[in-house]
Amino acid sequence: MKRTIPLFLTAIGGFVLIIAYYIPHTQGWGEVAAIWFDILAAIAFLLGGGNLMKIHLKKISDHKAGWAYSVITIIAFLATLTAGLGKVFSPPSMQYPDMAWSGSYREIGSAFWWLFEYAFKPLTATMFSMLAFYVASAAFRAFRAKNFEAILLLGTAFIILLGRTAAANWVTGWLPESWAGLKLENVTVTIMQVFNTAGNRAIMIGIALGVAATSLKVLLGVDRSYLGGGKG
Amino acid sequence: MFEFFQKLDRRWIFLAMFLAVAIPIIIQLDFEETPTDLAHRVFDAIENLPDGSRVLLSFDFDPASEGELKPMATSFVYHCAAKNHKMYIMALWPVGPQMADDTIENVIKEDFPHMQYGHNYVNLGYKSGYEGVIKVIVTNFTELYSTDTRGTPWNAIPMCTGVESVQDMDLVINISAGYAGTKEWVQYAVTAYPDQIRMVAGCTGVQAPLLYPYIPHQLEGLLGAIKGAAEYEALVVEKYKLEDDPKYHEGIRRMGPQLVAHLLMIFLIILGNVIFFIEKKRGGRR
Amino acid sequence: MKKETLIWTIVMLLGAVVLVLNATLRQHGPAGSAYVEAVPQRFVDVSDPGEIEPYWISYDSEEALDYEICAQPFADIPAEKREDWIRYDQATLGKYLEEEAINPARNPYQFSLSRTIGIWIAAFFTLFIFSFLYKDNPFYKIAESCVVGVTAAYWMVVGFWDVIVPNLLGKLFPEWVKLWAIPGLEEPPNYWYAVPLVLGILLLMRLSPKGAWISRWPLAFVIGTTAGMRLTGFLHADFLSQIRNTVIPVIVFDPTNGSFDWWASLSNIIIVVGVLSALVYFFFSIEHKGVVGKTAKLGIWFLMVTFGAAFGYTVMGRIALFAIRLEFLFDDWLWLIDPIQRRVPIEEVALLWSSLSAGFI
Amino acid sequence: MMQEHTLRKLRLLAPVIMIAGAGIAQAQPDESERMVHPPVDLTARDKSWDGGEKITLTWKLAEGDPDNVSFYRVYRSLTVAPLHVRELHDAVSDLHDDFEELDIPRDQLQQCIENVLQLMDVQGIDDHADLYEYTRELRHARLSMERWIQATSPTNAETARIQIIRDLDKLDDAIPTYEAQREDDDSETSAEKIAMMAVTEPVLQEIFGDDWKEDWEERIEEIPQDVRFQLLEDRDQAEEQAEAQVARDVAALGNQRRYKSIEDVKPEEWELHRGKMSYEVEKLDRREKYWFKVTAVYVEEMQDVGEGAIPREYESEPAMTVAGVQPARQWFDGVRFPLSLYVLIVCGAVMIYIQIARSGKILKVRTIAGLEAVDEAVGRATEMGRPIMFICGIQDMNDIQTIAGLTVLSRVAKTAAEYDAKIEVPTSRSLVMTAARETVQAAYLEAGRPDAYNEDLIYYVTDEQFGFVAYLQGTMAREKPAACFYMGTFFAESLILAETGNSIGAIQVAGTAMPAQLPFFVAACDYTLIGEEFFAASAYLSGAPEQMGSLKGQDIGKMVVGIMVIIGVAVATLASVTGSVHLNEAVEFIRETMLR
């Protein structure tokens, strides 16, 4: 019972949506399911957030190594939550100035906006920008002409790197117009439109088949590891 | 010397990268841009629309990709405003509306103060649901967008009367940093209504390779990464005589550090391979 | 180890000194200051006494000229008929100085302490994160703890205001939501949305040890619908459309003059061969030997070129991201450069450098 | 006031059309020079198996195509459905734009139009209460405009006049449809309202004097009762008359149905050969009936292209459909029929092979390099006494890659439980955390070690991509896991994770179907499962024969691709070489029908 009902729900939910895709009247069901999913995910925040609090509070009460950082996390978490849910310093909407809660929670000047602008944004953007360094070290370490495949990989990367800057002009700018196809910026475009297109298409087709087979296994109950304990 | 490079601590690479980007920024190094065909196509798509056309701009990015996409957003909005197009701004990413507000603040409020909210441009805001949003609005906006970000009902926004769906737009401009973005727009809007919906896009470098297969039928033009932004910027600057306004040179300006960093990358790849071959040779002798 | 600590202490002290100098030597307040423009927002309820719904318009708009109530000074309007607050828009030091020179008494631009603190915090966060490149350290840990706390809460807030309120509460109890959160909401209730609510509650049953098994139901539903949607969705969007795009002639003639177009033909041949050979690489039933092996090998080559191209393209974006972070540090915070001319002329930087070098000498 | 009514008739009939005709005639003085033959045999039928918004038109090409025909212009009858609002609005705003462009001084005329626009913008024209006001303004605008056109000196740019006349025509199209809609709604049409007011106004004026408008509503009681009754009677009568008039107008409309052009289409080359072409009209309303007409148009090439010049167009007599066609919605979407076949083939193949595998037949599959590494990595982590880190992507449960990642997790967790290694699963989504806990718990149970399962090692961090990565980067640097698995949807963080993992010397196995991230995993990880291999991994790892069946099924799918591509390419190439009409039709069929 504990296993059959979930399996049944999975199969029903999936097959209904597959069939709905072909019936004009029900083609919108997929979108409804997507909205429902968002609602469910938002409710699940209670689980995730609760878990976050639990872990860090536990660290603090156990005085585990680095518990002070947990204090920072919890303060940051609660402060942001309060600022956002409470719409702190967030002016009302222009249409309804008399209703304090009518404004947007991220209105410029609100506390939530401040946290977004001066904490969320710099922290995440800096994290993202660290990739510039990692890309360099990966290129140094991994792009070595060990075999023909590796040569293709690094050769292409090489051409694109050059072709996408003003340097392309220095390297092949002297070529006459009749050889324009060999200019680096054009080689770049050819690689993208021909080779890259072919490779990506094959990957995409393969992925589509993989997704279809995986989905089917899930719906048929062949693959049910996510349903938790208990044979059955 | 060889030993040093062979066991090169990656922090030296980090330092080199830092300098390669920081120095050109401080000395404000920049180069002339020669726009490629794709940038021309994007520019023409907007330029050749009759003045006052309806343009849907979807801001599908967040601050993390601002470096690449904000110059595009700025130029797109400037170009549309200069052509007096009606701009319908929306977002599939939650922070998209803020990106849009920034751009409106910088471009429209400063350089086109006569443009009126609701008449010349409107910020429709964010709707959750990723491609689901696209699927709905290609046939009906009001099903999802009953109001704009300010809470004005759809029918009370002057420029929205008479607009039913994305198909009523003369052009869709998508600025995208990933999922949901250009690919979804192509799949669910352009592919579904190839005759009604035209689209150009600006995207991050990561996405660009995946979008090339869609050019030119589903996607008229594409600006890839900061290079694309700089090329397009160069076209806009040239056409609208913006040489003196540094605000519209952001992409061009950023190509300076870009070039130096690319050269560094190439040097690193070469260095890596030189080490590899010397190692191989020595190893062979042993 | 001690030596390293010493070096770092010195580096940091030096940095602090430079920061202090950079802050104090500026003519117009410390570097990294933020300026705002105060824009008063004034609204008046112009509805007639009999009307139930108030009708608010901006006191400063053109529309206000049509109403008698707006003819009097704002302060004289009855308190329940007016609302006002001040909105602070982002401004620049340049604008502030400009206005200060003309009209210092009524300068709408002003220094903003909260946003200045913000810039400084943002700058330090940026440095803290970058410090990880050297090695893991307490500063990075501080930034890491903050980012986890702030972002987790951020998405919860977004989920609440953008999903729960409009899509769940707004659909089930529109009248109630209209009263406090979305005043413009005009929709009849849609009771289908009780389904996700019930599923959500089942999901929360996980919190009680006895109810854990029932929380699998919503999970099963989610996974089932996902599988169903993706199965057809992927086969339609990726599988079919990519085959369609590959149905191309491998001998192409120029449509304008009918001559053989060798370039288009060659590209098309490469695309078709590339797609087919790369697909052979993904075959699971046959070992990669003989002809199959060779074709699969060709397929790998195509994949490698694809990967190389993607790599090259991606590098661009990453460097641009890093450049914008540095611009933030140099421009907004340290005021070393001013690419979009938001502040006073650059000679200040020169001043700073000269005084710095003077200090060293 | 009855004038208004006459005006209405006028508008429907002669003068404007005369003026318009005159205007166009002036622009194209020698229309008789060229005769364009009309297309023939126009038929319209509902597109079968669709959602009820398409109608297919077919016609025989006009004589003289392609030399004498540039394209065909397709018209469809105007509906009285919501479209009218938009048409009306478009017409008025076009007029407005005309005036802006022409730089005409802001006289009364433009003011009128602006008033109309404002009315429409503010209230939306669905508001019945403003109908009267609104139509009156429109009528004023029209009248003034016609006067203006008549009065303007010939020095005015001819093109401008033509443009205005065209826009007036559009307005002409729009207003009756709009009113016909009102008629259908059974509400008061503007004509009725006007007629009623025409009766009422003089009486009111007589009673209350010239400023009766001010307060007649409050003083309505002051009207003597008999006058009131008489007035009401008169009003009713006027309303009836007006209603009849509207009905006549609408009937007249039916006879000379209003059309709007929807698209200019050119025949494809193979259609030229066949002498017949078809066009699919989309975006129709299935509650409406539609009529169509098609004309052949010849556009003369311009010799000297001057500013603002309009190329000459010669339009043939139309071919028309006689009976109205109503699009219908079927229970099955025919466009997706081929798709359903592919779904059946792929799913069928998977199911059949699963069945075959269950029956005990051993299915052979090739080896995948990355997979042996999984056990090796777990083993090494055990040896070193360090944890295993497993990340199932950063997307939620509505991504199939996350689900595929979880199935790999189930296997890894089982191995880890057997080896007694510690496995840590930070997640970026709450639902994934829930599902991962179920998965790992089940795996521990299966391995016979339910007691070793520690729920706290599977935890939620944050939904934000880079917040999550910042956490992972720090944690990996501190805990130094011996093995890292990245299985799921990844974006930019792929390289941050892989490089950090590399710097701490962990064995890294990655699997993703994100093409953009594969290069980074390929470059920085020890093993990478590329695209489809990632989905296959769970089947391999489970070792269950029935799972192998799904792999065989996938291969059938790939064979379908190969066959379709080869046939398609062959046919397309033959068509390109021979230029054969039938082959081109076949290519079209393959692309647009079989692969749609």
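We just call them A, B, C and D in the order they show up, numbering each chain from 1.
Note that in this section a contact is a pair of C-beta atoms (placed from the backbone, for glycine too) under 8 Å apart; a residue touches a chain by one contact, two chains touch by 3 or more.
These numbers were taken from a predicted model, which means no experiment stands behind them.
For the pair subunit C and subunit D, chains touching both partners: A, B. Under the contact definition stated at the top, the chains bordering both subunit B and subunit D are A, C. Across the structure, the highest number of inter-chain C-beta contacts is found for A-C. Per-chain CA centroids place subunit B at a distance of 13 Å from subunit C.
Subunit D has its Cα centroid 26 Å from the Cα centroid of subunit A.
Note on chain placement: the centre of subunit A and the centre of subunit B lie 18 Å apart, centres being C-alpha means. In subunit C, the residues touching two or more other chains are 89-90, 129, 132-133, 141, 143-144, 147-148, 150-152, 154-155, 158, 163, 167, 182-184, 203, 206, 216, 219, 222-223, 226-227, 229-232, 234-237, 239, 241-243, 245-246, 272, 275-276, 279, 282, 303, 306-311, 313-316, 318-319, 321-322, 324-325.
In subunit A, the residues that reach two or more other chains under the touch definition are 18, 21, 30, 34-35, 37-38, 40-41, 44-49, 52, 93-96, 102, 108, 116, 120-121, 123-125, 127-133, 135, 137, 139, 141, 143, 153-154, 157-158, 161, 164, 192-193, 196-197, 200-201, 203-207, 209, 211-212, 214-216, 218, 226-228. Of all residues in subunit B, those that touch two or more other chains are 10, 14, 17, 21, 64-67, 128, 151-152, 206, 208-210, 213, 225, 227, 258, 261-262, 265. Interchain contacts join each chain to each other chain, per the touch definition above.
Remark: subunit D residues 336, 338-339, 342-343, 346-347, 363-367, 397-400, 403, 431, 434-435, 438, 460-464, 466-468, 470-471, 473-474, 477-478, 492, 515-516, 518-520, 522-523, 530-533, 536, 551-552, 554-555, 557-558, 561-562, 564-566, 568-569, 572-573, 575-577, 587, 590-591, 595-596 touch subunit C in the complex. Here subunit A touches subunit D in the complex through residues 18, 21-25, 27, 34, 37, 40-41, 44-49, 51-52, 55, 120, 123-125, 127-128, 130-131, 134-135, 137-139, 141-143, 153, 200, 203-207, 209-218, 220, 222-223, 225-230, going by the rule given at the top. On the subunit C side of its complex with subunit D, the touching residues are 129, 132, 135-136, 140-141, 143-144, 147-148, 150-152, 154-155, 203, 206, 215-216, 219, 222-223, 226-227, 229-232, 234-236, 239-241, 243-244, 246-253, 272, 275-276, 279, 282-288, 303, 306-308, 310-311, 314, 318. Partner subunit D is touched in their complex by these residues of subunit B: 10, 52, 64, 155-156, 158, 161-162, 164, 167, 178-179, 193, 195-196, 206-207, 209-210.
On the subunit D side of its complex with subunit A, the touching residues are 50-52, 329-333, 336-337, 339-340, 343, 346-347, 350-351, 354, 396-398, 400, 403-404, 406-407, 409-410, 429-431, 433-435, 437-439, 441-443, 445, 450, 456, 459-467, 469-470, 492, 495-496, 498-499, 502, 513, 515, 518-520, 522-524, 530-532, 534-536, 538-539, 542, 546-547, 550-551, 553-554, 557-558, 561.
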